[in-house]
Every structure is written in C-alpha cells, then in structure tokens.
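Look at the two complexes coming up: subunit A is in both, with subunit B in one and subunit C in the other.
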Partner chain A sequence: MYGIGILKGLGVTLKHFVETYVDDFRWLGKRYYNEEAYAVRQGPKATGIFTVQYPEEKLIIPENFRYLPFILYEEKDDGSIEDRCTSCGICPKICPPQCIWIVRSNDPETGRPIPAPTEFFIDIDICMSCGLCAEYCPFDAIKMDHVFEIASYERMEHHILNKEQLSKPVSYYSSIQPKNFRREEEARVAKEAAKAAKKKEREAKKAAS
Partner chain B sequence: MTENVEVPKELDATIQSMDNRFHDIVTLDDRKSYTGYLVPVENLIDFATSIRDDLGYDYLSSVTGVDYFPEEKMEVVYHAYKTSGGGALVFKVQIPREKPEVPSLISVFPGSDFQEREAWDLLGIRFSGHPNLTRILMWEGFEGHPLRKDWKEPFFEEEKKPYKNRWPEGGVYRIEDEVPMGKNVKYPLGFDPQKWTPEEQTTFKEDMDSEAGDNGSNGSAMHTDQIVVNLGPQHPSTHGVFRMVARLDGETVVDLYPEMGYLHRNHEKIGERNTYIMNMPYTDRLDYISSMSNNLGYALAVESLMGIKPPERTEYIRVMMVELTRIVSHLWSIGFLLNDLGAFFTPALYAINERELILDIFEATAGSRMMCNYLRFGGISRDLPDGILETVRELVNERLPRKIDELDTYLTENEILRSRCIGVGVLSKEDAIAYSAAGPVLRASGVSYDVRRADPYSIYERFEFDVVVRYNGDVYDRYLVRMEEIRQSLRILHQVVRDIPEGEIQTGKALYQVRVPAGEAYGRVENPKGELGFYVVSNGKPNPWRYHIRAPSFINLTALGKMCKGEKVADVVAILGSIDIVLGETDR
Partner chain C sequence: MTEGLNNPDIPIPDELAGSIAITTLDKIYNWGRRSSIWPMMFGLACCAIEMIATAASRYDLSRFGMEVMRPSPRQADLMIVSGTVTKKMIPVIVRLYNQMPEPKYVLAMGACASGGGPFKEGYNVVAGVDKFIPVDVYTPGCPPTPQALLHGLITLQKKIDKQSILKVNWYRKEAIPAIPIPILGPDLIDPRDYEKIRNLPPVQEESTAEA
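Let's look at the complex of A and B:
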C-alpha cells in the first residue's frame, strides 16, 4: 500500500521523540550536570538527546587530545626552574607548516652554544595541530595542550606565542595526561638505569683489564 | 603498493602475441625502481585503443604529468586497470620540456577529460585534440603553471622545507607582515583584474544561438528561450564552494558543467616542498570526512618506495580505523543526500549521532576528531589506549547494526525518497567505466569493482566481505550501495576486533627524517568516495620530487554533466549529493 514507508519512517521519528522523555525520566532530573549520567549519555549506550549544554557542560577530553603545543619546564626543589628543551631543532625541522622559531645563544665565556632556547616562538595562526613536534621530541619537552578556548580580540598581538606564554610546568602535563606521563617517566627511568648499568659494566671491564 | 604497480608478467607475452605491432615501438621503462612502458607520442592513441580493446585495460585510473626539470623533459604517466581486477598497466610518454604536447586520450578514455585539463593547468602540458583545454583549478588570470619546478610564487621563501630562518636562524616574523594583501598575487603582463570579465559563460553561447532561438526544443510550438543558471559557488547544497553552470529549458537541464577550484591551494606543490612525513597531516585535509583512509593511501605509496611493511597489529588497527572511517563517510553522505532532497536535517542528525561516537574513538586514539594524522611509515603514531577496543566492540557488535537497521526502516522504503531517487541521474555501466567513475558511483552502475578485492592492499585478502553492486546506476542505487557497504564494513570490523593481535606497532625506529630511495610508486586505496591514488616520485632526497593525488571526488565529477542531462533542476542537487564530493579533495 502506498504510504506505508512514510508511516514506518514517522514511527522511527516518534520513537526518537518518546525516547528523549524516557531518558529524562530514567535519570529523574539528574541527567544533566552529573558525571555518571554524562559518561553514559556520550557512550555507545546513549539514548535520548545526545547534545551537551555547552558551555555549562563540556565534553570530557580524552588524554590523547591535541590542540596547541606548549613547552615544559621542570620545577626543582630549590624553587628554580629548568627547561626540558635543549634547542636541538627537531621540532622546527619537522613542523609541516613551519610555525616554530627557536633562537639559540652562546655562552659568553666559553663561546659554546647553551643547550636551552633563548627564545621560542609558535605562530598559532599557522599551527595545524598535527602533533608531530610532540611526537618526535627526544626530550619530551614539547607536548600538546588541552586548552581549546583561546578566542582573543586582537590576533596581531596575541597569536605569536613566545617562550613565556608557551612554558608550563611538568606538573601541569602530568595532570592533563597522567597515563602518558607515567609511561614516559617509566621509559626514562629504564633508559637511565640501562645507561648506568652499561657504564658500570664498562668500568668493571676497565678495572678487570 | 609496488606489487600492484608492477606490470603483470603475462603482459609482455600478450604484447608480443598481439601482432608485434607495439613490441617494436614500446620500450620498457628501465630506470631503477620505475615500472611500465614508454610509448612514443605518435603511437599513443593507437596504443591506448589497443590496450583497451585487445588487452581489456578498460579503466583509466590516473593521468598525470611529471616535470623532470634537470633532464629538460616532461613525462605524462597513465595508470590503466582492468575492471575485472588485477594490477596496473603503466604507460608513459616523454616529451621535451620547451614544447610539451601530447595527443589527448579523451576519445579513447573520456575519463581523462578533467585530469588532462588539470595537467595543462598545473604543468602546462598541452593535450592536442582536447575539446576544452582550459584552466580548471587555477583561474584564468593566473600566470604560469605552478607545478613546474621553475615556477615561484610572489612571496617565495625557500625551495624546500625546513626553512632555515626557523632553524637555525630563528628570525621570527608574521607572514601577513611580509605579504600584505594585494602583494600576494602576480598577474600576467598586460592583465588588469579590474577590467577582466570571465569568458566561460560563453561556452554555451553558440549552442544557444543555434538551438534555443527557434521553437521546438521542448516539443511545443511555443517560442521558448533557454537560460543559463549558476548553482553555486555558495549554493547551500553544493557541499562547499562549488559551482554548476546549467543551461535550462524551462525546468529541464539541457547541459551542465561543473566549475571548481575555489578551494584550490596547490596541495601538490606544498607536498613537493614538504618532507615525506610532513605530508601526512596534509593528506587529512584532502577528503576531511575520511582522513584515516587518506593517510593509508599515502603511507602505502611511501612504504612501497621504502620497501617496508608494518607489523601485524598495526595492519589490524589500520583496517579497523579505515573501515570506521568508511562508516562515518557513508553515514554523512546518506544524511546529506536526504538534506539535498529536502528532508531537512532530521535524517542527517540521526546519522551524525552515530558518526559522533566513532569520532570519539578517533579522538581518544589519534588525538583529533577529523584531522587524525594517525598513520606513519611502517606504523602508527601511537597504540590504542586502554578500553578503546571494548568501545569499538560494543559499537560494532551491538549499537551500529541496530542503528543502521533503524536508518534503513526510516528511509529505504519511504515513498517520497523512492520517487525522487529511482530513475534519476542514471549512469550506464559503459559510461561509468569510460568516465573513470569510482567507488559507490561505479558499483551502483553494475561494475563489481572494489580495490579492496580487485587489487588487495594491506591485509584485506584475509577478510570476508562482499563487494556491493547494484545495477540501475541511479541515485537510489547509489544510496543502497552506501547503506549496504556500511553493513559490509561492520562485517570486516567484526573480524578485526575478533582477531586483532598484541604486539609491536612500528617497524624499525620511528624517524623524523625517513630515507626514501629513488623511484616511483602508486599507492591506491578504496576510499569511501572511490579510488584514491597517490603517485609519488622520489629522487632520494628528503622531499618528494612529484606528489600527485588521484582524487575520486574530482574525477567522479567528470560524469556529472552526463548524469544531469535531461533531468529537472531540483534533481541536479540530489545527483550531486549522490556522487558525494568533498571540496577539500576536489580542489586540492
């Protein structure tokens, strides 16, 4: 019969319409602003209204999410800070749109290059958020940030970030990407242990000979 | 993959046995790591006709040019396939660089139309006998042919990335201060953009004078005029900045041609300046609905040059991501086809809802919802995070099959959809092959051709799935093909999540500067939109010498005019929706 297909289709729409109310009743007013409900609403078991009430509610950002790069510094016990970056130049060399500039300087006494950047610029108008800089940094000194609300009134002034604006402590990194941070620390400890073991072995050999 | 590009062994025998006509003329391309045959310019059309008719290579996949600047010659490269499956027959024509002229193959393979125009536009290779050899991606007042190696843009920094002033010099500047508005364009001598008026509206003019003036084109005795209507470039249903110039007789389309290039950014020139790994995130921006799939095509091409293969686990993860991408793209396409038909956003949002859940998986794994940049040469950027595989299992085994069935009930039998789509925009089997249509457009016309089956790459030969074919070649069949392909992708995904092994994810060490030996490679994958091919030529340096993309969205449009002739204006929008183009890929 003509029209059956349309009626069936309308049935699907009706089902969706009813489901939104059913889901509201199921959570008894706790559907919104509730972490527990939120995880279900955005997962594979979601029914009912799918959208979130941005900006009151925000999507949970997964650990691997990447937006803009930032550079890391270590906070020492005595309150001083030390850059992880050694200005080796891999990130400006691999950056596909070429948005990273690094300025190096030499030690005035010895004349040898200082293994830390004097200046570090990223033009975030050009950055394509590909994450290659973070991926290939051998010192884990540049990572991708989770901050995505970066609208500003004046792009001329604000959109080339300098070293001061880019630097964030390692503790911030461990708070946004705890699992990645832990894995990297373990790898680093293992690497240093292997290095030490090798050194020991060599010394033992030297002593033996 | 190299295996695919290599000339089938029986071919030599076939050519010899044919009648020795070409055996004396055609020479093997014996440059190291090159494949295929060199054909003299004067024999090109004969050779092409002969391989089509006698050898069965009826599908011309890709036509492109290479500028071998140091050797003062240009080369036109053709990749032909059999629609019954198998590897490529690559043939090439070499011509002097000062006067590059090649006979057009449009009479043998009509699908070479846009590709030849593109090669003329970007490389300045003249195809004699082409009926409309005009610029296609660049605009008419553009100076030069940008893919030539000696062409430089008005703000020229350096020939190759990485640029020295980023490192080691570190002289920071804003690009906009260096190239202010107005200084970033170069015009040919004597060209004034203020006085210039486009000529292309006159393409129809002669026909109009002869035909439309008198009566009778609509069968009645009343005097009628035909009018030219531009749909786009900002028409809401052209899926982006894309224009269709249609000549109308009343409501009927008499003639139509697509006009593109509004989003052109010379992706290939950028790609030739980039190092190999830098191109990976750029491929995301081609068909931005299915970035994982684009990554795979490029990775396959470069991996075959490097001669490496990814580990087992990586292969499974790749297939998983690519099939999820196919579902995303087809859901999007089905949703927006309904939008184009006037069912505003309810079906599209039901489809996008499921897409969203898949994008969450991409975000948790690759770090980005659309610009995934996930694959690397011989590996992937990172392993799956904890718990993601369970989400995929739940989606693939429970939610998605149910939701696809729901979408099916919702749409497939709907009388309005059926009457708008059945019999509209018909492309016959012969035309589909001749116009080099690919993907669902080709399979809806009754050609059982899927690169995953015809010429398997990655680990697709391990999986059980059907190639979906429909036989009417209309909008409705393209819709059905997509619907069924989602189910087939789910079938592959069932097998992937069942069999996925543990293990390494990267072959060798992940290097930021890969060494790619000299040679050429053509990596092709079955993208959701059709066959996506990457033709990469390396000269052993860190940057590719040639980086060409066979874009399915672009080449499928060759048949658009043919499909639209005789249809109503309102149906043109549905036909375009059923081809499913993405302008990022069409314009590159």
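Let's look at the complex of A and C:
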C-alpha cells in the first residue's frame, strides 16, 4: 500500500506535538525560562519540542568554543595592569587572513623597544576564528573569546576592535575556560621550577669548581 | 504610560503635538513589519549551513516570524547575504536586491559578506558586500553560530522598531532609483585568448651561427 511512509513521518511530528503539551503539564507551565527544565530539554531524555528560546535561554557553551580573539592583561596586587602581550608579532604573522595589526614603539629615553603593544587592532570582519593566534602565542596573551552577540549597524566603527576593546583580565579568561587556564598555569609553574632548579645546579657547579 | 505615547521620538508639527495617532500607527506598523520579516531563500557559502540550522527546529526562526523563506525576491523583505560573494555573483545579488520591494533590509552574515574575510584580497572575491548594496546589520563570525545570527536578526528588529512612517524613504512621491548593477570587468586571464596564445608562431631563432 502506498502512503505508509508519509503517515509514519507525520506520526513522528504528531508525537512531538502531543509530547510538548504533555511536557507542559509535567512542568506546570515552567517548561521554558527555567534552568532545571532547560537541562532536561537539552538532555538525552528530552521529549517534545527542544527549541532553545534564544534571547532568554542560551545554549551552554563548551569551554573550547572559539569565536573571536581577545588579549589578556594581568591585574597586579597593587591595582596596576600589565599586558601579557609583548608585541613579539607572532600572531600577525601566523594569522591566515592577516587581520591583526600591532603598533610597536620605542622607549624615548633608552631607544629600546617597549615590550607591550602601543596599539593592537583586530578586524573582526576579516577574522576567520581559526584560533591559530591563541595556539602560537608563546606568552598565552591572546585567547579565543566566547562572546558572540556583537552584531551592529556600522562596520568601520564597531568591527575594527582596538586594544581597549580587546583587552580583558586574566580572571575573565579563567572564568570562561577554567580547565585550560589551570593546565596552562600548571605548565608555567613547572617550567619556572625547572628553570630555578637548573640555575641552582649551575651555581652549585660553579662553586665546586 | 500616555506620556511615552504622546512624546514620540519623531518630529511632529506643533499643531499635532500630543496626538497619539501617529505613534500608535508607527508602533503597529513596526510591530507588523518586525514580526514578519521574510528572508530570501538563497545561500552562498558555508554560512548558509548555519542559516539553515537557524531555520530548523532547534533555534526556530519562526519564533520571530521569519520562517517563510521566499525563493522569489518579490516576496522577500530581508536579504541574508550568507557567505562569500564572488565577483561573478555580485551582479546577480544587486539585481535581486533591486527586485525586492520596499521595505527591504540586508543582513551581511559572517566575515566574508561583511568585509571579505580570509578572501579579502582574493582575485575573485568581493571584499564586503557593503560596497555594492546598503547593509543594515553586520553579523561577525566565521561562520556566525545560529545564536549569533538570531542576535543579528534581533538587532535588525530593533532597527525596524526605531523607524517611523514619516521618515522612511519608501513612501516618498519620487521613485527610489535602482542601484547600479556592477559589471563583471575584464580580467587579466581571458580564456578566449588561450587559442591565440597557444597558436603563436614559433619564435624565430636568430641566425647568429652564420655570422
């Protein structure tokens, strides 16, 4: 008999339709805009419609989700701010679509380059979110952000981000990517310990000879 | 509540000050338009996949009244330029834009449509569709996730909310001139010259040996 497949397909739709109302009764009208219900709706036991009610509810973003890059700065105990970026220029070189632009400057007294960017621009309408800059940065100074709500009416005004707009504290990074942050900190501590041990060894050798 | 209604953000003549008619009409008009933005059904590159995902049940464009993807420009209100625009495609896109009835909006989706993206200096790609048609909302991302696209569409709705019947340019007496359609220009590489290039007479060797 013809048409069985169509009926089966429509049956699936009907099942979801009915289940949505059954779910409504189960949650007593709290099916939407409710964190508990949201977790169930997005889980494997979801029944009925599983639509994310976007502006009110947002999808849980995985840690390694990457959207656009941002640069990190350290907050010292005395309230001062220090850029992690040393303006070494690896990220603009590695960037495949070449969307990063760094301005360096020299110390007017000594004439030596200042190890921090004077200006840092990223054109987010060029960036292809590959994350290579974050991967290649030797100082963990540039990372990928989770913010995606950045649509605007003007490209030139809002989509060419300067250093002020790009800079975010390390505490923000540890809040969006806690696992990665912990791993990097551990690696850094281990590296510094190894360096110190090597130095000690060398000094001991010097003293012996 | 009437305070807000009586003081709209649009210039009204003094003798009409305090009249609530125009504001109410604006609100109904804008509410109607913002709740039924029908996008044109076309996708250009990988961003189109995200656009399709946005229209599917998980993100569900129909919550905003935008589920009716129209394959004809005559029935569409919104052009989502979803993806890389090549030089060969831009005349077609401009023509489609001219064919859309007012009010019409353009949303540049993703890096390529907004600024050229990774192909910004490519030989065959237009570095930003805004050089050829007026873009209302730019949505960065490569590609924008469905939620980012929804945010772009909500931004567009906010723009529509601010518009007023008195100010919009599609109720004027004179017709809005069409946007000039760019012509695919002559390229350095012309396949028609291939035959000529191949069939060149062989280079005459200079008879230096005799001398």
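The working rule: the second predicted complex is superposed on the first by the 204 of 209 C-alpha atoms of A that agree within 3 Å, B and C clash if a C-alpha of one lies under 4 Å from a C-alpha of the other, contacts with A are read in each partner's own complex, and residues count from 1 in each chain.
Here is the rule we go by: contacts are C-beta pairs under 8 Å (C-beta built on N, C-alpha and C of every residue); 3 or more make two chains touch, one makes a residue touch a chain.
Keep in mind that this is a model prediction, so the values were computed, not measured.
Using the contact criterion defined above for the overlaid structures, shared-chain residue A:96 touches subunit B and also reaches subunit C. After overlaying the two complexes on the shared chain, residue contacts for A:127 are found with subunit C alone; subunit B is out of touch. When the two structures are aligned on the shared chain, A:115 is found in touch with neither subunit B nor subunit C. Contacts of A:58 after superposition on the shared chain: subunit C is touched, whereas subunit B is not. Of the two partner chains placed by the overlay, subunit B and subunit C both lie in contact with A:50.
Within the superposed three-chain model, A:178 lies out of touch with both subunit B and subunit C [touch as defined at top].
Set against each other, subunit B and subunit C differ in how many residues of subunit A they touch, and the higher count belongs to B.
Using the contact criterion defined above for the overlaid structures, shared-chain residue A:151 touches subunit C, although it does not reach subunit B. In the superposition on chain A, the residues of subunit A contacting both subunit B and subunit C are 50, 96, 123, 125-126, 128-129.
Taken together, the subunit A residues at the contact with subunit B in this complex read 2-6, 8-9, 11-13, 16, 42-46, 50, 62-66, 89-90, 92-96, 98, 100-104, 119, 121, 123, 125-126, 128-132, 135-136, 144, 156, 160, 179.
Contact residues of subunit C toward subunit A in the complex are 57-60, 63, 111, 114-120, 128, 130, 135-142, 144-145, 147-148, 150-152, 154-155, 159. The touching residues of subunit B, when paired with subunit A in their complex, are 161-163, 165-168, 170-172, 174-175, 274-275, 277-282, 346, 350, 353, 356-357, 360, 363-368, 371, 373, 381-382, 385-386, 391, 394-395, 398-399, 406, 409-418, 510, 512-513. In the complex of the two chains, the subunit A residues touching subunit C come out as 49-55, 58-59, 67-68, 96-97, 123-129, 148-155, 158-159.
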